[in-house]
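Once you scroll down, you'll see the structures, which are given as C-alpha cells.
In the two complexes that follow, chain A is the common piece, with chain B as its partner first and chain C second.
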Partner chain A sequence: MRFQQFDQFAAELKADTRAAVYDGSKKGHEKRTKLLFDEYPDPNRLRHLAGEIKQHVIENLDTYLPAVEAKMKANGVQVHWAGTAEAANEAVLRIMRARGATKLVKAKTMVSEETELAAFLEKHGIEALETDLGEFIVQIDGDHPSHIVKPIIHKNRREIAQSFEREGLGAYNDDPATITQRARKFLRHKYLVADVGLTGANFVSAESGRMVLVTNEGNSRFCLAATKCHIAMIGIEKIVPRDYDLALFLNLLARSATAQELTVYTEFISGPKSPVQPDGPEVMHVIFVDNGRTEVLASTCREILRCIRCGACLNVCPVYRQASGHAYRSVYPGPVGAVLSPLLMGDKFPQKADLPKASSLCGACNEVCPVNIPIPDLLLRLRNRAKEENVPSPGTPPMGAWALLASQPLAWRASLLGGKLIDYVPTKLIPVPALQAWAAKRALPAWRGGEFRKWLKARRK
Partner chain B sequence: MLNAERAPVTGKRVQLMATCLCDAFYDDVAAATVEVLEHLGVEVIFPEGQTCCGQPAFNGGDWVASRKVVRHTVKTFAGDEPVVVPSGSCAAMMFHGAVLEFENESDLPEVEALGRRTWELGDFIVNGLGVKTWPGKFAATVALHRACHTRGTGSIAAANLLLKSIVGVQVVEFGEVEQCCGFGGTFSVAFPNISTAMGALKLDHLRAAKPDILVSPDMSCMMHLTGLAAKEGQPIKAMHLAQVLRDALKAQ
Partner chain C sequence: MTAPDDRESILSRVRGALAPLHERAPLPDYSTEIAVMRSLVAGRDLVELLGERMKRVNGLALTEVAALVAHLRAGGWLHGYCDPVLWPRLAPHFGAELKVETEFDRTRVDDYAFGITRAAGAIAESGTLILHDATTSRRLAALTPWVHVAVVERAQIFSDLPQAVAALGRDPNVIWCTGPSKTADVEGILIEGVHGPGQQIALVLG
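Moving on, here comes the complex of A and B:
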C-alpha cells in the first residue's frame, strides 16, 4: 500500500530527533501561552487587529512599496528590486564585486534561505558566513534549518559538540555555554575582517522607511557595526504602515516566537552613517524580493502573506511535532510552510501539493497565529487546487462513488444495510485501501447501519 | 474561525441531522440525542433523505463531489427549524466548511442559511435553549475530549457546564487537552503513521488522568481513539455527551 512520502519520513525519523523536536516545540508553545494569554490583556483582539493591519498592507502593496522606496532613498539607502531568487542573489553579488569585497557576514534571514544566498555566494568565491548560532551550526554541518525561529531544533547538544570538534573548534565538549563561547570567539574575528554585513528585516515602516530587526544574540548588530556596507534582503510583504504599528507587532512577535516580552536586541535602522547619525555602515543597500509573492497575492491564499515568521504555528502543530521540519522539504515547514511552500513553487506546485494534506485540520495553528491567518481554510483551498490540477495523492480515497451514494437517499439506505459486510469479511479481503489503512492500526466499530432509523420508526409508532 | 452567527431559537421543534457515523455505527448516540431533546420538550423531526454532511470530500479536496452532497443536504433540511447535530465536526462543516466551498457558487445564500440554523447538540442545549443545568444522576469520573472542530464555538464550555451540573459526575483534566486526537478524516488513512502517533499520545494523557469514561461531543474522534485503544488490546470506555445526558435522566 502506498502512503504519503511525508508520513513515511515521520515514521522513519530517529527517536532522538523526534524527541528533540517534540520537546522543543511543546515547551515553546507552553511558554508562549503563559506569556501571551495569562499575562497580557486581550491577546485575541490584538491578533485580530494585527491580522487586519497586515491584510491591509498586502492588499495595498502597490502604494506602499513606492512609498517605502521614496522614504528609504531620502534616508540615503540604495533600493533594489528583485523579482526572483536569482535576481536577488545577483544583486548581492554585484554589490560585492563593485566593492571588490570577498567576505560577507550574515545574520539570520528567511528570505536568504529561500534564495539560497550563502551557497550562491560561496560558488562565486565569496565567503558568506552565518553568524546566528543555529544557522552557523546548520552551515558547518551542510544541513538545512528545520524551524523558522529555532533552525536546529532537531539537533541535540551532543551532535553539535561533535560538529565543533570536527571543525577544529576545540576538543569534544557538549556544555552549551562552552559551545556558545567557542562560536563567539570564532565569529568575533570574522566580523572584523568582513567587508559586508547582510541581514533581513522583520518589519519596515512605510511612514519612515525605518527597518526593524529583532535578534537575541546580537550578531546582527555586529554585522552592521563592524562592516562598511550593509545589505538588507527583505520580502516585499514585510511592510507595516506606521512606526506606531511596531508597538503592536513587536509585542506580538517576541511573545509568539520565543515567549519573550521583547527580544534582547531590537534595532531600528534608518540609513547609513551621516552627519546626524555618526555610527553604522557607510553604505546601505536594500533588496526587496518578490520570488513568487505577487503570485501568492493573486491567489486565493493571499492571507498567508500576513505571516511574520514567528513559528508559533509550528510549535503547536501536532503533525509538525511528529514529523519534524525536514518532512516539509522546504525552507518554510509546519502549517505556514504547508501553505506557503507549495504556493512559492509557482508552476511546480504539484511537487509540494502533498504538504497541505499533511494536516488533521485541527485548527490549533489559526488559534495561535499572531496575525490570525486562517491556515486550515488555506490548506483546504490548496487541497482543492491539487484535485483540480489532477495531482496524484497516495492514500486519499476517491470520493466519486461516495458522493453518488450520499446524494441519493435510496442508495444510501441500501448501503447502510449492505455495510454489514465488514463485520463478517476480513478487512484484508475488502479491496478498499482506505479501509485497510484504517484497520491496520485501528479496530473498526461494529456495523450498525440502519439501526437508528429502525429504532426511531418503532418509537414513533 | 468557526463562529457562525445564529438566529435565536424561538420554536420548540428541530430537525435532527444524525450524521453518517451514527447512521452506520453509533445508532445509540443518535437515539440518545432524540431522547435528550424530547426530554427538553423539543419536537424532533428526522428528515429521512439525509445522508452525510459532505465533509469527507471537502477535506479530501474534492469540492465538486462535496458540493453535490451539500446540495442534497440543503434540500433535505429545508424549512426554518434549527438543525441539531450530535457532532461538532458536522456542525462546523455546515456553518463553515460548506460556506467556504460555495463562495463562488450561485446557491451560496441557501448554504449560508442552513449554516445559520445548524447547532452542535451541547451548544444548542445551553446557548440555544438557555438550559444551564442537567437533572438526574451519573456516577462516573469523566474526561471531556476537546473535539477540534468545536474550536471557537460554545460547544466545549456548554458540555463542561452540563457535565459538571450532573449529580455524581466528576470531570478530570488531562495533559495537552487542546491537542488533536489525530483523526482528521482522510488524513487518518493517508498519513496513518502520524495519525496514530497523535492518537497514542492522546491516549497516554487520558490514561494518566484515569477517567472511567471519555466523553466527546463528536464520534469521529471517539472512533479513532477507541479503535486505536482496542487494537492495542487496552480498550477505553467512551461515550457521547448525549449518552451521558440520557443515562443521567434514566437515573432520576
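Moving on, here comes the complex of A and C:
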C-alpha cells in the first residue's frame, strides 16, 4: 500500500510532537472563541464584513496598488517591485550593498519565509538574524517554522534548552523564563550593531500609505529603534482601503491569532523616522512581492488572498492537530496552506496537489476564519484541478466500481441487498488496499444499506 | 535602483487576472462602532477604565508621581532615564536615592532599569499607551529598560480603538503599547519582558 506523502509524515510523527501540536492548537482555539463571544454580541458579523472588505481589495488591486505606491512615495518611502522570490531577495541585497551594510536584524515575516531571505543573505556574506524568539530558535536549529503564528509549536522546552546550550547561550536550563531572558540578553546587542531592520507588514492602508505591523515581543520595534534603514517586504495582497478599516482588522487579527484583545506592539509606519527623533531609520524601502500571487488572483481560488495570516484555521483543524505543520512541506501549513501552498507552486502544482486532500472538509476552518474564506470550497476546486490535470493520487480507493453501481439503479438495489454479506466477511480479506488500510484501525459498522430507501418509500405512501 | 520591468509586469498580470471579472466586489459601508466593546466603555470615567484595562494586560496605571517613585523603589529599579522635557515636572518627587539621567546612551542600554517618556495618548478600551515619534524623546528609552513609564495627560485618553485610529494624524511612526513585551513561543507559556519592557506603566497626570 502506497501512502500520500502527507499521510506518511503524519503516521511517523513522534508522539510528543503530536501532543505538543495538539495541545497548543486546541488551547489557542478555545481561548479565541471565549474572547470573541464574551465581548461581541455578533462576532460573525465582524468577520463577514472583514471578508467583504478584503474581497473588494483583491478584486480592485489594479487600482489599489498604484494608489498605495503613490502615497508611499509622497511619504518619503522608496518603493520596489519584485515578481519572484529571487527578485525580492536580490532587491534586499542591492539595498544593503549600496549602503555598505553587512548586518541585518529581521522581525517575523511570512513573505521572507517564502523567499528564504535569511539563507540567501547568509550565502552572500550578510549576517541575517531572526529576532522573534520562535524564529530565532528555528534559525539556530536549521529547522523550519511549523505554524504561522507559533513557529516552534512542535518543539518542547528540553529541545530548546539543548539548542541554547549547543549555541553557547548558557548551561542547560529548560525553564521558559530563563530561555527568554537569555535570548533577550543575546539579541539586544545584535540589534544595536545591525545596519538594517527588515520587517513585513500586516496591513497597508491605501488611503494613507501607512503600513501596520504587530508583534507581541517588541522585536520589530527594536529592529526599527536600533537601525538606520528599514526594509519592509510586503505581499501585494496586504492592502486595506482606509485607515478607518484598521480598527476592525486589528481587533480580529489579535483575537484570531493569539486570543488577545490587541497585540502588544502595534506600529503604524508611514515613512522614515521623524526628523526630531534620534533613534530609528532615516531611510525606508518597501518591496512589493508577487511570488505567485497574481497567478492565485487569476485562479478560481482568489478568495485565499484575503488571508491575514492569523493561524486560527490551523488551531481548529483536526487534521493539522494530528499531522503538525511540517506535514504540509510548505511555508503555509494547515487549511490555509492546503489551498495556498499548491497554488503558489505555479507550474509545479502537482508536487503539492495532495495537500487539498488532507482535509475532512468539516468546515471548521471556514467558521473561524476572520475574513470568512470558504476554505472547504477552495479545497474541492483544487482537488478537481488535480483530477483534471491527471495528477497521480496514491492511496485513493478506486471509485470505478462504485460509480458503476451508483449509475445503474438495478445494480444498486441488488448491491444494497447483497451488501449484508460484508457483515460476515473479515474486511482484511477484501482485496482493496485502501479499505484494508482504513479497516486496520477502525471497525466497520453493521450494514444498514437500503434502510433509507425503505423509509422514503413508506413516507411517500 | 529598482528593476522597472517588475513593476510593469506585476501590474499587467494583476490587470490580466481581473479582466475576466464581470463585476468587482463593492466596498461595504459600515460604522466602526461595530468593532467597539460598547457595553464596556459607555459612560465610564476614562482614567478608571484605563487602569482596569491595563491591569487586565498586566500593565499598571498610576495617577501620582509619588506612587511611581514608591513603585520604582520597591522593585529596586533605582537607575533610569527620563525625557528632559518631563524631568522638571517629576524631579521634585524623586529622592536622591534614585539616579536619573536625561541623556540616553545607547552603548549602556543595560544600565537603565527604567525609562520615562511622554505618551501622545492612551486607549481606555484596550489598556493601550500611544507613542508618537515626534514626542517620544528616544525610541530606545521607551523600549530597552525593564520598566517603561509613559506620562499621559488626562485629556489625551481615547475611549476606544476607532477613535484612536481616527486620530493617527501625520506622525510617521505611531506605536500602540498594550502591556509588557511578551511571548508564548516556548510551550505556550506566557513570559514577559522578551525584547522590550517587562513592565508597562502609565502615569496619568493633569
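Miscellaneous remarks
In this section, the second predicted complex is superposed on the first by the 423 of 461 C-alpha atoms of A that agree within 3 Å, B and C clash if a C-alpha of one lies under 4 Å from a C-alpha of the other, contacts with A are read in each partner's own complex, and residues count from 1 in each chain.
Here is the rule we use: contacts are C-beta pairs under 8 Å (C-beta built on N, C-alpha and C of every residue); 3 or more make two chains touch, one makes a residue touch a chain.
This structure is a prediction, so every number in the text was calculated from the model and none was measured.
If you count the residues of chain A touched by chain B and by chain C, you find the higher number for C. When both complexes are overlaid on chain A, the residue A:130 reaches neither chain B nor chain C.
In the superposition on chain A, A:237 makes contact with neither chain B nor chain C.
Every residue of chain A that touches chain B in the complex is listed here, in rising order: 3-4, 6-8, 10-11, 26, 318-319, 322-323, 357-364, 366-367, 374, 376-377, 380-381, 383-387, 393-400, 402-403, 405-409, 412, 416, 419, 433-434, 437-438, 440-453, 455-456, 459. The residues of chain A lying in touch with chain C in their complex are 20, 23-24, 27-28, 39-40, 45-46, 49, 52-53, 55-56, 59-62, 65-66, 75-76, 78-83, 87, 91, 94-95, 98, 131-134, 137, 150-153, 156-157, 160, 176-177, 179-181, 183-184, 187-188, 191-192, 208, 210, 216-219, 221-222, 224-226, 236, 241, 243-244, 246-248, 250-251, 258, 260-274, 276-280, 288, 290, 294-295, 297-298, 302. By the touch rule above, chain C contacts chain A in their complex via residues 1-3, 6-7, 9-11, 13-18, 21, 24-28, 30, 32, 34-37, 40, 57, 106, 109-110, 126, 128, 132-134, 136, 138-140, 143-144, 160-162, 164-166, 168, 171-189, 191, 193-197. Chain B contributes residues 1-2, 18, 20, 22-27, 30-31, 34, 46, 48-52, 54, 56-63, 65-66, 68-69, 71-72, 76, 97, 100-101, 148-149, 151-152, 176, 178-180, 182-199, 201, 223-224, 226-228, 230-231 to its touches with chain A in the complex.
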